[in-house]
Every structure is written in structure tokens, then in C-alpha cells.
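Chain nomenclature is as follows: A, B, C, D, E and F, assigned in order of appearance, with residue numbering initiated at 1 for each chain independently.
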Amino acid sequence: MPVLHLTRKEHFNAAHRLWNPNWSDEKNYEEFGICANPHFHGHNFDLYVTVKGSPSADTGCIINLKELKDIIRKEIIEELDHKNLNMDVPWLSHCIPSIENMAVEIWKRLSAALPEGAVISKITLWETQNNFVEYYGE
Amino acid sequence: MPVLHLTRKEHFNAAHRLWNPNWSDEKNYEEFGICANPHFHGHNFDLYVTVKGSPSADTGCIINLKELKDIIRKEIIEELDHKNLNMDVPWLSHCIPSIENMAVEIWKRLSAALPEGAVISKITLWETQNNFVEYYGE
Amino acid sequence: MPVLHLTRKEHFNAAHRLWNPNWSDEKNYEEFGICANPHFHGHNFDLYVTVKGSPSADTGCIINLKELKDIIRKEIIEELDHKNLNMDVPWLSHCIPSIENMAVEIWKRLSAALPEGAVISKITLWETQNNFVEYYGE
Amino acid sequence: MPVLHLTRKEHFNAAHRLWNPNWSDEKNYEEFGICANPHFHGHNFDLYVTVKGSPSADTGCIINLKELKDIIRKEIIEELDHKNLNMDVPWLSHCIPSIENMAVEIWKRLSAALPEGAVISKITLWETQNNFVEYYGE
Amino acid sequence: MPVLHLTRKEHFNAAHRLWNPNWSDEKNYEEFGICANPHFHGHNFDLYVTVKGSPSADTGCIINLKELKDIIRKEIIEELDHKNLNMDVPWLSHCIPSIENMAVEIWKRLSAALPEGAVISKITLWETQNNFVEYYGE
Amino acid sequence: MPVLHLTRKEHFNAAHRLWNPNWSDEKNYEEFGICANPHFHGHNFDLYVTVKGSPSADTGCIINLKELKDIIRKEIIEELDHKNLNMDVPWLSHCIPSIENMAVEIWKRLSAALPEGAVISKITLWETQNNFVEYYGE
């Protein structure tokens, strides 16, 4: 059976700030520059969730796309959209909300919520039109 | 010799419907939702064909891009553009025209038409701006 | 007070066919080419609705964007998404569903549904990534 | 002499919140919904500045594009990028930082900074991929 | 009868250089910067041609889009694609090939080639993803 | 530790020509078509540089994105932007400046310039909106 990768795109708008509370202000600004500005800044994040599998002989699809969309919206978009990623999201509170850390935590959270048989193969997270991160779960 | 992957994008506009003729109407609507609407709906499909190889010392290219374009247009675009994928395409008639099944059939059809030495490494098919499928031939 | 134009984008996927029932088949194919194919084709339509007004001193906004979105979705997207524009939409049944005619009918339908004070200034409708139509209500 | 409109695009990432301090919390949340969330959210804003004029016989251009870029970056981008629009920008502090109010203030600020003879004809400001505002200075 | 504006997008890839032969080298580099580099640079130009009119009662369209496409390709794209705009295009040889001058000349050339009744309302020419020019024929 | 891939996008505008000096004119035109036109043509190239690594516990990031941007701009963009790739770039002069050869040379040049610990995993180079090449360093 052929194996395919199906991707669904969603987006959310959020504020964040790169800041290490164990560092001095000076060291934070040196490392993070304007990304450390005290009153936060924000982005339109684009999230691509990729699942892999073989198309069902009954449906021609590897997963029901509407179900996938609903799970992403419930587990991720409703949690992050129009939020402050440093202050408002319990499952991000243990780490600096960089797109690297966000991608790893989104992978964990979605993996636990997807129905049996659905396997994530990649999380892609765009922060601006000029940079993004990819995580393959390894 | 370095190995590179070269991708050509083409697009086509087509109608389709997700529908399993072995199922009751009720089961079809439950599974496929509005994608099962009886009079079809349609999409602007974006097709990305990726071939791999080493650049020729004579040309700097791994394949003649115009040849690749001509083959994709003849074998795929002329077959699918402005067509009904459920009714008008003999090589899709044995399956539900989901993007998963389409990607697999496009791979087969292009593989048979490409000149010797040209190797497809990936077929990517976008159905809307929010979802797409990737197939690596495995 | 300054006057601004605010635009909301929505999209829908639909099938259609350009066909004049008063013409012979021959004349239809000559005029419309592959757009007249009998079993329909389809598109991912992008709809931009522009309203004009002055920002309220209380809100800074010329209209509540969520209200605008809800009206467009109820009046247009739910009516057209995953439908056959020639067969399934009563308010398009009197005309050929070209993007020109669709833009005019969308203008009329939205104008009647918007709250008092909200004034449409432009309807923009993209059919493919290469063509679109603009209507200013005149 | 022909008159043309030349547009330069820039972007910035910022946090904001829609909130009227003269209203109760309840009324704010009712009007602005999630856009009123207390710890801010943010966007990747795309700013298009359009100037009009006739091409110079000497240069073929209506304005030196590098000069225009430098003025936009100095007057707008450095002021807004990676900032909190409610707290960090003196020239926005008198109003709610909606894209409507931002477009009007950007127009004023750029008009005062452009060299004699350069005339702004339009400010376009995208907040998300689904909504934007246009201001023609009237 | 409603009036609509229909736009067709085409693109071409060309080399050019901003250079005034009546000026010293020094003055050219001061004015045009890297755009004056001696061995040319190039762009992927996106051309949007907008025509206005009322939809025909017979076709629902204001112009036959295939005819419009064919005229743009014959009159403009075949003339400019993969060319050097300073050296290879007779109808641009009297001016500096800035996008301003190009838009005016494209307007003239297309106006002369369009069938009676088809009226151009706007030429839009993108030079990079960050700048473009619009010409309304006045 | 999770491994992520971080990508930064930059762009440059350049002229080039596909031409093998060891071939006759006739053979060049037969192989390269309009890409061999004598006075060059050009493109807006989009370059995506992907590095891989694990996020630092201190910063949440796998590399300082500003450092990565500065290195790409110094080593690649300043070298290629507004240049003639056949004539102006010493490190491309030994080969035909196809996107295949460019991607390999960009990989080599960036690898030598990146700080210890930063590992490139992919170079992606778009030549037009319809074709691009990917190189994984193998």
C-alpha cells in the first residue's frame, strides 16, 4: 500500500517575547535583541500539521480531513489564538516560547489527541514570511 | 556528484466529488460531508513534480526543464484541466478521486512517460490553500 | 472624519460551467472552449468584500469585523461552498455563473444583509491565481 | 505627462489589543471578543505605501525607491517593529490601535517626512492574511 | 448595466539596468545605486492587465478571457520574456526601462491591439515582491 | 534532545544566461532555448537556508536567527544581488549558473562561514514562481 503525507494548514495570531528569566536584562537584550522587548510583540503564525498513512480503500483518504481540522482547532488554535504565549498558555509555561519549543510541544499535544492509527510525520510552524521551523518528532 | 531535487509547478482546475458507490447515501454524507454534494464542487489544484539527479557537466541542469514541463502538460494537465475527475478521466475511474489517489496515479503516469534517467522523487498536490498531499513513491 | 475601506477575505470551492442554453452546442464550445465542458469543472474562489466608513471614536473600527465575517459566511459562503453554481444556487439560476455575474449578485445579496450604516464599496472575486473581477456597484 | 502610482511594501511584527478604557470590561469583551484579551496578541503587519507622480525624464522614476524605503523604515518600521502598539508608540497613544487608526496616523507621519513633490495616494495595511484596510487621505 | 473590471495576470522574466546615457557614470551610480550595475540584473515581472465593461447578456463575460490572454502573450510576453529590456525591445529603446515607463508603453501597445469595445482601465506591473506600479492611462 | 530544522528566507535579483562555451551557438539554442538569449534575462531568486540542531536550554533556539541572517546577507546576498551571475561572481565563474550549480556553491560557501555547531541541512532556491531546486548536501 502506498504511504502518503497529508498536511492541513491552520493559523493563529499571538503575542510573545524571547526572554530567559535566569539571565540579566543586559544578557537577554544582547542575545535576543528586539525580540526581548518588554511589552511583547506578535505574529501571524501559520501551522502545518502533516500526518502519514495509506489511503483507505473505502474513502481514498488517509484520515478524515474534517476530523483532523477539528482536533487541531480544539487542541492548538483555541489554546493559542489571540493569546500571550509567555503568560496565557499552561503547556508552554515551562519553556521560552520560541517556534522551536512551540513545534515540539504542539507535536506532543496533537499526538495525544489524534485517533488511533493517525501518525504525525511533521510539524511546520511559520513565524514570519521569512522564517519557519520543521520538526519530525526525533 | 551532488544529487539535487528539481521541482516544476503546474496547475489545473477540475470538479470532483468524494463518494463511495458501495455505500448508502447516508453513510457517504456522514463520512464525506459537503465533499459528497451530488452535483460536484471543484478546486484549483496546484501540482508540484519533483525529479532528482545530478547536474550534467554540459548543461548544469539535472533535466531539461522545458521537456519536463511539456511532459507534465501532455500527460497530466491536458488530461485533468477543466474536467470532472469522477466522470471524464479513464485512468482515475477505478478509484475515488481524492488527492491521495490522484497523487499515486499521477506518479505512475509520469514515471512511464519520463525519459530514461529522469527519476521522480516526489509528487505534491494542493487541493486548497489549506491542504495538500505528498507522495514519495513508497 | 477620515473615510477608510476595510476588506475581509473569504473563500469557497465550487463547480461551474460556462454555457448559454439558447445557443447550439457548437456555438457554446466555440465561445467558451474548455470552460463549457459538459460535466463541469471547478475553482477555489477567493472573495474580498470591502466596506467603507469612518472609524468609530469608541472602537477605532468602521465595522465590527466579526459581524462582517459572520454575514459573509451566512449569506455567501454557506450558499456557494462545495456547490454547483449552475444547479444548486437559486439566486444564480437566472444567469450564467461567470465571475462577473457572481460579483454583481454577491453585491446585491450582501447589501441587503448588512446592518444600516455599513456600505459596500467593492466586491473582488478571484477565480484562479491568474484572473479576477472587481465590481464597484455602478 | 502620465501619472503613475508606485507602491513599496514593508512589514513589521507587533503586539496590540483592542480596548476602550472608557468602557467596562464587560462591554469591551462584548464588542471586541478575543481581540480584547488582556495580555495582548500580535500580528505580522504588511504595509503598502503608494505615492503618485509622473516619471522624471531623467530617471524614468516618479521617486527614488531607495529614498522612499529609507523614509518608511525610519518613520514607521523602526517605530512599530517588535513593539506593543498600545504601550510603546507615542504617536498612537491617543487612539485605539486598530488598523483603521494606524493607517490614518501612518499617512500623517509619512506625509510630513516625504520630500517636497512626493505625494502619498494610498496607505494599505494588512493585519492578517484575511483582512486589511485602505486609506486614500480623505 | 453594471460595469466591472476584469484582470488577467501574466508574467515574464527579463534583465534590465537603470542608466541615463546623458549622465556621467558617477551621477548614474549616485542616483540608481546597484540598479545601475553595468552587466544588468533581472526580475520576475508580474503583469496585471485590467479591462472594464459590462457583462454580455449572451456570455456573462465582459471580454473573452482566452482572447485577452492571447493578445497579452503575443503583444507583451513574447516581446519581453527572457529579454534584455535595455537592448532587445525596440518599443522600449527610447526610454529608461523603469517599471513606470514600461507600464505606460504596455498600455499603449495593448490599447492598439485590443478588439473594438475592449477598454483597458489599469496596468499593474510588479518588479519584485516589494514594489509595483499602477497606471490608469491618465 | 529533539532535532529541528530552522529556515531563513532571503531574496536577490540577478541576471543570468544558460550557455555552454564549449558548444556551438546552434547547439546552445537547441538545448537552452530562450534561456540562452545573448543579452541575458533575469529573475527574483528566493533563497531558503535550512539549518538543523537542538534548541538550546538557555535560548529555546537552535541558532541565533539574526546571526544566520547576517551571514547569509554577507556571504550570498551582497555577492549576488543586482549582479550578472555569468560575469560578476568569481565563485560561480567555473560553472554554468543554473540553479542546480548555484545551490551547490551556496551550500559550500555558507558551510564555511557558519559558526561551529551550525549545520546546514538544506538549500532551496526558487528561480520563478514555477520552479525551484533543493539540495541536501549529498
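FYI, a residue touches a chain if its C-beta (ideal position, glycine included) is under 8 Å from a C-beta of that chain, and two chains touch if they have at least 3 such contacts.
For clarity, every value in this text was computed on a predicted model and none was experimentally measured.
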In the contact graph of chains, the distance from chain B to chain D in steps is 2
Averaged over CA atoms, how far is the centre of chain A from the centre of chain E? Could you give it in whole Å? 41
Centroid from C-alpha atoms only, then distance chain C to chain E, rounded to Å. What do you get? 28
How far is the middle of chain B from the middle of chain E, if each middle is the mean of its Cα atoms, in Å? 33
If you look at chain E, which of its residues touch at least two other chains? 129
Can you list every touching chain pair? A-B, A-D, A-F, B-C, B-F, C-D, C-E, D-E, E-F
If you look only at chain A, which of its residues touch chain D in the complex? 11, 13-16, 34-35, 37, 39-44, 81-84, 87-88, 128-129
Contacting residues of chain B [partner chain F, same complex]: 2-10, 50, 55, 58-62, 64-66
Enumerate the contact residues on chain F facing chain B in the complex. 18, 20, 22-23, 31-33, 95-101, 103-104, 129-138
